[in-house]
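Once you scroll down, you'll see the structures, which are given as structure tokens.
Two complexes, one shared chain (chain A), two partners (chain B, chain C).
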Partner chain A sequence: MSARGHAEHAPVGGGLFTPVTFFCVVLMILAAAVLAVRFVHGLGAVTHLSDGYPWGIWVVADVVIGSALACGGFAVAALVYIFNKGEYHPLIRPALLASLLGYTLAGVGVLFDLGRYWNFYHIFLPGYASPNSVMFEVAVCISLYIVVLWIEFSPAVLEKFGLADAKKKLMGMMYLFIGLGMVLPMMHQSSLGSLLIVFGHQIHPLWQTMLLPLIYLMTAVLIGYAIVLFESCVAAAGYRRSIEVHLLNPLAKVMLGVLAAYLVIRFGDLVVRGALGSAFAANLQAFFFWLETLCFAAPFYLLGSEAKRRKPANLFLGGLYLLLGGILLRLNSFLIGYMPGENWSYFPSTGELVVTLGVFALKILAYIVITRRFPVLPREARATAH
Partner chain B sequence: MHQELKELAAAWAARPVEERLGMTRREFMTFCATLATTLGLPTGAHAAVEKAMEAKRRPSVIWLHFQECTGCTESMLRAEHPTLEKLILDVISLDYHETLFAAAGHQIEAALKSAMTENKGQYVLVVEGAIPTRDNGIYCKVAGQTAIEMTRKVAADAAAVIAIGSCASWGGMPATDPNPTGAVGVHKIIDKPVVNIPGCPPNPYNFLATVVHFLTFGSLPPVDHLNRPLFAYSRLIHEHCERRAHFDAGRFAMEFGDEGHRKGYCLYKLGCKGPETYANCPTILFGDAGSGTWPVGCGHPCIGCTEEGVGFTKPIHTLARVKNLEPPTTYPGTKEPQGKGFTVGAGAVLAAVAGAAAGAGAMVARNLGKGTDGGASGGEGGKSGPAGN
Partner chain C sequence: MNARRDFLRQTLAGAAAATGAAASAPALARENLKLSPDALGLLFDSTLCVGCKACVAACKSANDLPPDYNTPAHGLWDMPLDTTAKTFNTIKVFQNGKAVNKDQVADGYAFTKKSCLHCVDPSCVSACPVSAMKKDAVTGIVSYDPDACIGCRYCVAACPFEVPKYDYDSPRGAIGKCELCRHRIPEGHFAACAEVCPTGATLYGKVSDLKAEAKRRLTLKAGDTTLYPRGDLSNGPDRSWEGPVAPYVQHVYGETEGGGTQMLYLSAVPFQHLGLPTLGPRSYASKSEGLQHGLYGGLILPIVLFGAMTWAARRNSKHEDEGKGGEQ
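Presenting the complex of A and B:
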């Protein structure tokens, strides 16, 4: 991180007991109750998973979508460290925090879904590991990245406890972790797409393509930028802070550029494969395809001009639609466009939904607690001096 | 003349068996092993079969035809492993056969008489066709004798009697109601034990295996209560049917040419008699016409031709009585839903989350719209927004 590091961030302060935190805790308790049943009586007692749908909302929402939503750290770091856009530096710590929470809980979320969870560590043992598997790559990459994220975020913790020496030593090696923090998410976010290629014809032609790794990687970057917009706006509204329009406006412009490239590749691929025709069928898959496309297209309308990008509400909604687009792409390709054979059906059970909600509640609660107590968000008011 | 023929035959028989059969040695060994397997003999028994086949002791066979269509003989003639005419002429000494003999009239009657006297008590009698009994059996006569007289006379000195085909086994097609000639099977006419090889026609190898058993062990194979060899008739067709899995899964062809029929579903509902017919058709197939060629394999229900009271008695389209397992009166559908779908509770949770998220999102957007400082009337309420994602 740059030398200006410490001056830029400060704890928000304020009380921790608010209606929002209370509500989050209630959701977490409900989720914990469901999980207790799951770990005692097994997956069948709580979930609607079946032989046809062995992966349900826990994998898709908590892991695939959860980790994509956590791409803010990686996307902003790419901007700051690779494209050398130092002005975005104040955004990096909140983005890193969101990534940290997202990835850590994605890693924990996998445990809920593992039938024989007590064997989870087998994948790391050379004797058990199968290095040719896409799943292995995803698992190892995500695990490593969680460690790297904690190290990347640790300066905030060290600052908080006044460990200046330790922080100085760490900063000397930080470039290593920043590099790893770039490479690892690129590897496993694209591999999440490769997982689907392995599914073959079970994935609807609207989503089954050899370009899935690229599509997943590009949307992960897009979601990363979108989550920064979204988070900054929500944090501003929630903490009654000013919003960093001067940073978010150009960021949104970069985001639109990547989005345009993505849509060209996405539709080019559909046309080349001759799959676009199935988008006009009257079925659930086609409906959700257009919903997804609509969400990806909406930011052009909301953020298309300089004047529109200055409006915080537009920044927020543009980010939100892009997020929804990325979420729908993952939901569509993993569940709605997944066709295990005639007559199989799946809709998440109440228990599954409660656990997923609880996991997101935990993320929000942790975000609130950490930003209120640790130097994460940009320092208020003075920061506008740039 | 007859003497000359016999000398020719003896010279022929002196040659190695595989040469006589027009096979290589290897093919001959394979053939013997196949027959031993068809008979269900233990490992190593093929050696005994070989030995018996190689021996020059060719049993004399007298083959009588009565009320039938000669389909059994035709079926034997078109067998190819090896060609049955070679076997019929080389492994056994076929001394009387009305279809295959070039001779006729008094000549052939003389051959019959000489075979009976020369091989007294040692020849094998094969009967093809039902025997009419009404009006003293006048409805079938050969050389002035009724079928009854002829059968009794030839059987008297026979070492073994084999009834080939459904007609000779119990009357078969000629005995179908109203059975105008009073047709019956051979065992009703004579007192000797008869081995029945029913089928219309029977698989030639079932017959051949029975003959070879006699050749090898000097006795006929064990039989069931209807005198059918157990090696061929101890199992229901249903038990080894290639379409059995469809029966168990409740997938049936409902009419010829429908989707289920084209997909190879079970033919039970088209009247297949496999569930009440004992025969080895699913395992050795029908005739010798190549893989998959037996009635059920070709898409036609079994008519139960090997089963007295079923074949030529029950209409082809009527449901079979399932002997080993009575099916339920209704069947589960072939498209049962699997997995668990939407529940009201889950829908309510999802709707609540979507509503809260939309409300919170709108609130945040409105607050942000008021300017960078924000009216922030929503307070931290906006924080529930991400939960919706």
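Presenting the complex of A and C:
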């Protein structure tokens, strides 16, 4: 571990004005225009939200899925600090950065969706706060976690500006923030699933279960590992670097173990509740359930053997399918499996899609700018030396 | 390899332990909340409703609500098809076949009232993160405070009866729902819908009195005549009228549904035709809160977890601190 000390991360360098960053900025400007209309004329002016579907993709994609995609930091920190797998240490900073951006923008995205956003601070005031509400727990834990993520990431910033003393002081108590950085995501990622329990019969039996918190927590961890695979491959391709196969291969193996446990629990629950039968109905819910299941099963085929796990293409696809599975689980339980009655329907408006894309573009832009200028990604020379 | 195998084993063991904990969670669910002895509510008897909508107009004026143009005759008159943020009460009709026989399914029709059911253990109150939805400890009225509300619309999504509605057309949109005219009670009035109902189809009173009245009607023989009170059942004055008894479905909807509601329904057609969902006796709020408090009660589990994580993190990052003076 100590051999990898200080110099394992380095800025990628290079120019910031590229076709990709330009495209990101265009998407962000479009999103800002839609948001201007939303804040002047109300949610109805740009969204397809209704009283049947009060939550659309701004909640489900930007917050529920967005925060799950930001679980890389949590998942890798668990490996390094809790299970003492020091060899994954080079992956921590890039994963933390993605988490930091994902969570911060999920927090900002909430404000776009809140109908009475000027009151949002009520959640933190004792006179208003309602601990019985799952939403309260989610909001407080996510807010705290955003702060913790910034603190966990700050060594990269302090390093950049040569503040060695400040960094040393911070490192002395970092274990406290690492601890918080484990507990807070476990709490709110599970609770994002628990949000649906009070919906009762309005959620299709394929997704309505008291095990929702466990299902959401396990898939958040899985998405965390999958996003590390995915990002490592994309960053390697985008920056023309070599892929850290020596790290990703064993990581993929760990991921398959968790995935197997997840599928046993998921199907065990469906069988025990007698809900599996509804998976064989000819309807939209059953179709999306099998799509979700297929995505969760695909990594076993793609990454099942040591030889397959050495192929970058398989690592990338395995990560991608797992991501899609986790995304579909969330989309299915919050929207496809949400059944408010026959008179209601929902498909996101162009405006909603533009804002979601804009938020995503902002994440990518920030990731590019920060990795090019701050010591985040593993130092290239070291990675190729292995 | 061994280390990795151990790790997998640990992961699986951890997952199994977590499953066990989560599987026992239903047992942790709290009891349903109990009905207050002084709870106020409504009894809607579908067989008495003639669909005049006097209650819809009275609700609008009592709550100072604007017209709601939901129909093709846009802008002509207030004609909401459903409750909205601007319409807290509507009368709807169930129609089947030729729709000529009142209170029958075959070629029949029946009226129903859509407004807040004031659940005994409401999902909206449980869902609301900022106490904008509250249930009065004495009257049991579920109230809404726009000054507290953050507009997250969790209540809109959570309500099993689709009652709270949000105003999507305004940049300062708020939730709208029936609050049983709680602002009129200090003025000596009661729910405007029941005040104006000409047949007593919508009857106001203490829930205990309403329940007894509903049970009385279920014991009557179809075709006989009986006295139907109007207005305020508990405090009068007596404005009863005599009318025929319909062949009731032998059930008071709202007595047990979802933990019970303070608005009760009687009907001669099955309740699902009136848009009322079939619900078990356990409230959804009790399941949700039971699970949350089971996991987070007294913050015991999170604190234990934090202790364990901090201990592990400190142990596993210590040698780095000693080594090179710190990389996280």
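Going forward, the second predicted complex is superposed on the first by the 377 of 386 C-alpha atoms of A that agree within 3 Å, B and C clash if a C-alpha of one lies under 4 Å from a C-alpha of the other, contacts with A are read in each partner's own complex, and residues count from 1 in each chain.
As a working rule, contacts are C-beta pairs under 8 Å (C-beta built on N, C-alpha and C of every residue); 3 or more make two chains touch, one makes a residue touch a chain.
Just so it is clear, the structure is predicted and the values come from calculations on it, not from any experiment.
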Inquiry  = Given the alignment on chain A, is it a clash or a fit between chain B and chain C?
reply    = clash
Ask   = Touch check for A:S349: first (chain B), second (chain C), both, or neither?
value = first
Ask   = Looking at the overlay, does A:V254 come into contact with chain B only (first), chain C only (second), both, or neither?
value = second
First, second, both or neither for A:Y81, with chain B first and chain C second = second
Query = Which chain makes contact with more of the residues of chain A, chain B or else chain C?
reply = C
First (chain B), second (chain C), both or neither touched by A:T18 = first
Request  = Based on the superposed arrangement, let me know which partner A:K167 touches: chain B (first), chain C (second), both, or neither?
outcome  = second
Ask   = If you stack the two complexes on chain A, which partner ends up touching A:D51: first (chain B), second (chain C), both, or neither?
value = both
Inquiry  = Quick check for you: in the superposed arrangement, does A:V183 touch first (chain B), second (chain C), both or neither?
reply    = second
Request  = Considering only the touch criterion stated at the top, classify A:Y128 as touching first (chain B), second (chain C), both, or neither.
outcome  = second
Task = Quick one: from 182-190, 236-244 or 308-316, give me the piece of chain B that collides with chain C in the overlay.
result = 236-244
Ask   = What residues on chain A does chain C touch that chain B touches too?
value = 50-52
Message = For a test of understanding, state which residues of chain C touch chain A in their complex under the given definition.
response = 4, 7-8, 10-12, 15-16, 18-19, 22-23, 25-26, 82, 84, 123, 125-132, 146-154, 156-158, 160, 162, 165-174, 258, 277, 279, 284-285, 287-289, 291-293, 295-296, 302, 305-307, 309-310, 312-317, 319-321, 323-328
Key: Residue ranges of chain B in contact with chain A within the complex   = 335-343, 345-346, 348-350, 353, 361, 363-369, 371-374, 376, 378-387, 389
Request  = Could you pull out which chain A residues touch chain C in their complex?
outcome  = 1-2, 4-6, 8, 39-45, 47, 49-52, 54-55, 80-86, 89, 92, 113-117, 119-120, 122-123, 127-130, 132-137, 139, 152, 155, 167-168, 171-172, 174-176, 178-180, 182-183, 186-187, 190-191, 194-195, 197-202, 210-211, 213-214, 217-218, 250, 253-254, 257-258, 260-262, 265, 338, 340-341
Remark   = In their shared complex, chain B is touched by residues of chain A numbered 18-20, 23, 27, 48, 50-53, 65, 69, 230, 233-234, 236-243, 245, 311-313, 315-317, 320, 323-324, 327, 342-350, 352-354, 357, 360-361, 363-364, 368
